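Several structures are given next for inspection.
Each of the next two complexes has subunit A plus one other chain: subunit B in the first, subunit C in the second.
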Partner chain A sequence: MNVRSQVSMVFHLDKCIGCHTCSVACKNIWTDRKGAEYMWFNNVETKPGTGYPTKWEDQEKYKGGWESNGNGKLDIKSTSRTKIIPNIFHNPHMPSMDDYYEPWTYDYQNLFNAPEGSDQPTAEPISMIDGEKIDVQSGPNWDDDLGGSPIYAENDPNLEGLTEQQKLQLSSVERLVFFYLPRICNHCLNPCCVASCPSGALYKRGEDGIVLIDQKKCRAWRSCVAACPYKKTYFNWFTGKSEKCLLCFPRLETGQAPACFHSCVGRIRYLGVLLYDADRIEEIAKLPDDELVEGHRSMILDPFDPEVIANAKRSGISDGVIESAQRSPVYQFVVKWKIALPPHIEYRTLPMLFYVPPMSPVQASKPEDTIHHASEDLFHDIDASRVPMKFFANLFGAGHEGVVRYALRKQKAVRWHRRAETVGDVDRATADRMLHEANCTREEAEEIYKLTSLCTFEDRFVIPPMHREQAIEMMKEPHEHRTETGFGFVGGPQRGL
Partner chain B sequence: MQKVQDEPIPLNAPQCRALCGPDVSDRQRTAWLTALVIAVLWSLAAASALQAQDTPDYFRQNCMNCHTIGGGRLTGPDLKDVTKRKDRTWLANFIANPKAVFDSGDSYAQKIFEESRNVPMPTLPGLTKERLENLLNLIEAESKLEESQFKGLQISNKPFTDADRAFGRAIFLGHSKLDAGGTSCISCHSMYDTPALGGGRLGPDLTNIYERLKGRKSLSAWLMAPGTETMQPIFKSRPMTADEINALAAYFESSAGERPAEAAANRVALLLMGLAGAAALVFGFDAIWKQRFHSVRRRLVDTTPVHKFSQES
Partner chain C sequence: MSQHFLDQFLFVALPYVCLFTFFLMTVYRYRMQSFSYSSLSSQFLENKHHFWAVVPFHYGILVVTAGHMIAFLIPRTILAWNSHPLRLYVLEVSALAFGLLTLVGLIGVVVRRFSNTKIKNVTTPTDWILFVMLLLQTISGISVALFHPWGSAWFASNLSPYLWSIFKLNPDVSYVAAMPHLVKFHIVLAFLTIGFFPFTRLVHVLVIPNPYLWRKPQVVRWYGRRG
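This part shows the complex of A and B:
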């Protein structure tokens, strides 16, 4: 057993209102620079929809992630030792600027400088790439709230395997539905971007598992851009270096939640440490699709288990981090309650960001002029939800409905339980039966309810002590370092070697 | 305190060699110098000997395609006893710059020009005053001989056979290689019956060369030592054999009276073939790389049928 610690995340989609506050907070801190205008380390997508970059989930096109070959080996889809030579001047399967979007601003100066005329002056859009006037064709959330749109929503790769009727249902006016999927880097356990980099510029930090790109080592190969199946590494065309979400590690090191977590209006984001067994990564990543979610979950170790604690200490994990792991909200959602699921685990990167799948309204039909709901129940059966189970399964269960059904059923049971507790229009016996069917107890339902609805900053963000002094100790005398910090300049990323 | 060393540090042999290079004694140095002097002298002698041998070679390469000594006239007159016909000064002037003498209205130069089917004598490449003298001496000396080495190729008079013509064509097209390794004619020339891609365009079309050079004898003489700037360097060291020359002459004789290949038509064909090839490459690679990455969003938008936008529920 090789115990490691990983700062992990849960996004509770049932609470996301799609306000993009997280994206803007991140943009203002990290990607408001030349060459980075098009990057969104954090973005919020409308589902069903094609996302950003367009159809990033379509690995037939983008060739991201790993594929498990018959010979028991795991290969990167986009590159390999042999493929890198013929592709040395051209990395195929790379999203173009148009697949992201061409960033633009507005010619605000014209509002002040326009000569007197008979019309009001306007601020026309201008490209942030070449400064020319631009006919805006797309944006990072171009299909925002466009559930049922014929271009974007209907081409969501997660619609694969749905019946024609289900697809029609999703796009019909008065019946359509959508939810939001905020995305940041998943800081995977088996990161494809790290494995693909020919320069060895990407690395996974030992102490907290954050995946970073060394701006001094990056040689603009862009293999990570093609390899990441979530398309969460971006190439800065100005500095000639790739960049990605850094989970605001400077904030984490000072005990603050990352900007997107901190600013989240719907309080959907949870952050905490997980202990996992690094020896099992390869074995788990090779599992067949239907065992991936359970296998991934089984890697995460119980932070209360004395054996795990002993092994963790042996691996150099400090008591503070172990204690933090014991209070981790992520452990509760992912392992204890099993209602948070990894996105697209079939890419086999073992993402460490988990999503609680959202509830959705009941199906409706309009045989005449009035709309009829498929169920008159307050909390209908999850299979009558407007978002088909298969869609969630494609997104969170590698195509298999079992784990998603379990998570949704438990959420529904918690609602029945709380309704019985507070409103009383649901009788207690029915609520208990629902809980039982969902493999949930009253106590667990209360805990889920509390961490979902009544959570404070401290409940949501259990930030482990980062022990920077220990990391510094490896390089130089900490006291000496202390006297030097704050002086001099940190070099920004620059073009060149 | 460290003890101060006042004795010089003795150098050992490897150190010494590293500092001064390999140690050489005086005697060795003298031997080297002598060897060097001998080498320089020898190379000088070799150079002058080379120059002595140089003149016949020069004559063979530059004069023999038009002249013989005692072999009768080709394009230019037979040079046997030319020094008796004209004085050395005139000859030297004429060889040095034939055009200037001709332009000065010299009547003898005019006569030669007319006799030579109006082919002007070219200015010889690499001609020096010394070489000119050597040439005249050579001509004088060779004229005295019964049988000059520059009598020219002895052209047989036996009629050309079909086998000769076929062999000639094979040589022209490069199907059969020249013995000495010279370049095939088709690299630079074309004929009326060269295949689709035509011959080279560097040299002229040779369809009517037999008449242009006034028959078998002068054609053969030309082939023996081609005199143009392009052909000379190639065939100087790789002369054609008498059989090859005979075969080529047979082939050129057979083509006399044919119409030269239409250069313009060939060019159009070549251009069309080039375009077709380029198009085939483009579409071929497009087919091979059908699975390559194309723009995703743009295609998505472009391939969505318009009627979908006005769809009613």
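This part shows the complex of A and C:
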């Protein structure tokens, strides 16, 4: 057992209101710069929809993630080791700006400088790349709230395998349904981005598992951009370096939650440490599709188990981190309650951001003038949800419905339980039967309810001790260290000559 | 007499200045400005014509450069190979073919940068100067191949000793003094390009990734605990 700690995340989709506050918080801190205008380390997508970059989940097109090469090994789909040599000059699967959008601003100067005329001057959109006038065709959230639309929603790659009727159910106007999917880098355990970099510029931090790009080692070979199946590494067209979400590590190191977590209006985000067995990464990444979700979960170790604690200490994990892992909200959602699931685990990067799938309204039809609901129950049967189970399964279960149904059932049971407790219009026996069917006890339902609805900052973000300054002092003479700091980076990060 | 001084200047002083600049500045830039070492790819901004420009150019230039290096390093082997006329023809024709491939690619690179406003916007004056130098170098190289054939033979017998004399710090210009003007031009421009090298995007050639094929797929960096 090789215990490592990982700062992990849960996004509770049932709570996301699609306000994009997270995206804006991140943008203001990290990507409001030349060359990074088009980057959204955090973006929020409407599902069903095509997302950002357009249809990123279509791996026929983007070739992201891992694939089995037939003799029991995993290969990077875009450029495996041997394929990178002839393809280093031109990466065949590199997305281009057209797949994202061309960032633009407005020609405000024209409002002041326009010659006198009979019309009001206007501020026309101009490209932020070359300053030319552009006809804006798409943006980072072009399909925002357009669930049900023929060009966007109908092209969602997750619709694969849905029956015609289920697709219809998602897209006809009176029965429309959609939900939001906020996305950041998943800080994966088997990151394709890291494995693909010819220069070894990407790395995972040993202590907390944050995946970063060494800006001084990146040489713009762009392999990581093509390799990440979630399209969460971005190429800075100005500096000639790739960039990605850094989980706000400078904030984490000072005990603050990442900006997108901190600012989240719906309070959907949870952050905490998970301990896992690093010896099993390869074995788990190779499992057949239907065993992936459970296999991935089985890598995560019980932070209360004395054997795990002993092994963790042997691997140099400090008591503070172990204690933090014991209080981790992520552990509760993912391992204990099993209601948070990894996105597209079939890409085999073993993401460490988990999603609680959202509830959706009951199916409805409109045979005549009035809308007819498939079920009159306030908390309808999960399989009568408007978002078909298969759709969730494609997103969160590698195509298999079992794990998703389990998560949704439990959420529904918690609602019945609370309804019985507080409102009283549901009888206790029915609520208990629902809990039983969902493999949930009353105590567990209470815990889920509390962490979902009544959670404070401290409940949501259990940040492990990772003060780097202190970590240095523990290992080094401060006087010795002081003389070394600050050397090396002479001159700002400027674009190559 | 003035011809003698010119030769001394072009084939002794200039090479040393350029080589010195090359070694000093690449190291200096790598240590002080390692952020600026990048291939500065433009594929993200323009992906339709990218392949047809960058790929032929690189395959061409890499083979041609490798050819020059081999003739410089192991001239006797080349001469031995060329002792058979058919083998000489094969070598000359393929060298010319890769030269033309370089030219086609390079023209593609320049046209692409010129015609697309987005990439033009990220092209610096240094880039333009470099492209002109590379174009002239490629064209003069191809012309040498056409007008002064069997370069693979006379490079190995005459130029290789000259280059060695430079590196052995005992310069001997007698080999080059007798060369035609076109060849002299090619040599001088080559040294100028080497001297200009550390100030351009060409530094990406020095940081081509090598340990990738051997290293473990996943890279983990520990802050203090392990290596």
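The definition used in the following text is that the second predicted complex is superposed on the first by the 464 of 497 C-alpha atoms of A that agree within 3 Å, B and C clash if a C-alpha of one lies under 4 Å from a C-alpha of the other, contacts with A are read in each partner's own complex, and residues count from 1 in each chain.
We take it that a contact is a pair of C-beta atoms (placed from the backbone, for glycine too) under 8 Å apart; a residue touches a chain by one contact, two chains touch by 3 or more.
Note that the coordinates shown come from a computational prediction; the quantities given were computed from them, not determined experimentally.
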item: First (subunit B), second (subunit C), both or neither touched by A:150; value: first
item: Of subunit B and subunit C, the chain that contacts the larger number of subunit A residues; value: C
item: Touching partner for A:96 - first (subunit B), second (subunit C), both, neither; value: both
item: Contacts of A:204 with subunit B and subunit C, given as first, second, both or neither; value: second
item: Which superposed partner A:138 touches (first subunit B, second subunit C, both, neither); value: first
item: Contacts of A:54 with subunit B and subunit C, given as first, second, both or neither; value: first
item: First (subunit B), second (subunit C), both or neither touched by A:81; value: second
item: Residues of subunit A contacting subunit B in one complex and subunit C in the other; value: 94-96, 98
item: Complex contacts: residues of subunit A adjacent to subunit C; value: 81-82, 84, 89-91, 94-98, 127, 129-132, 190-191, 194-195, 197-200, 202-207, 215-222, 225, 235, 237-241, 281, 316, 468, 471-472, 474-475, 489-491, 493-497
item: Touch list for subunit B against partner subunit A, complex; value: 292-298, 300-301, 304, 308-309, 311, 313
item: Subunit B contact footprint on subunit A (complex, rising order); value: 50, 53-55, 58, 61-63, 92-96, 98-99, 137-138, 150-152, 154-155, 172-175, 366
item: Touching residues (chain side subunit C, partner subunit A) in the complex; value: 32-47, 50-51, 54-55, 58, 117-118, 120-122, 124, 126, 199-201, 203-204, 207, 209, 211-213, 215, 217-226
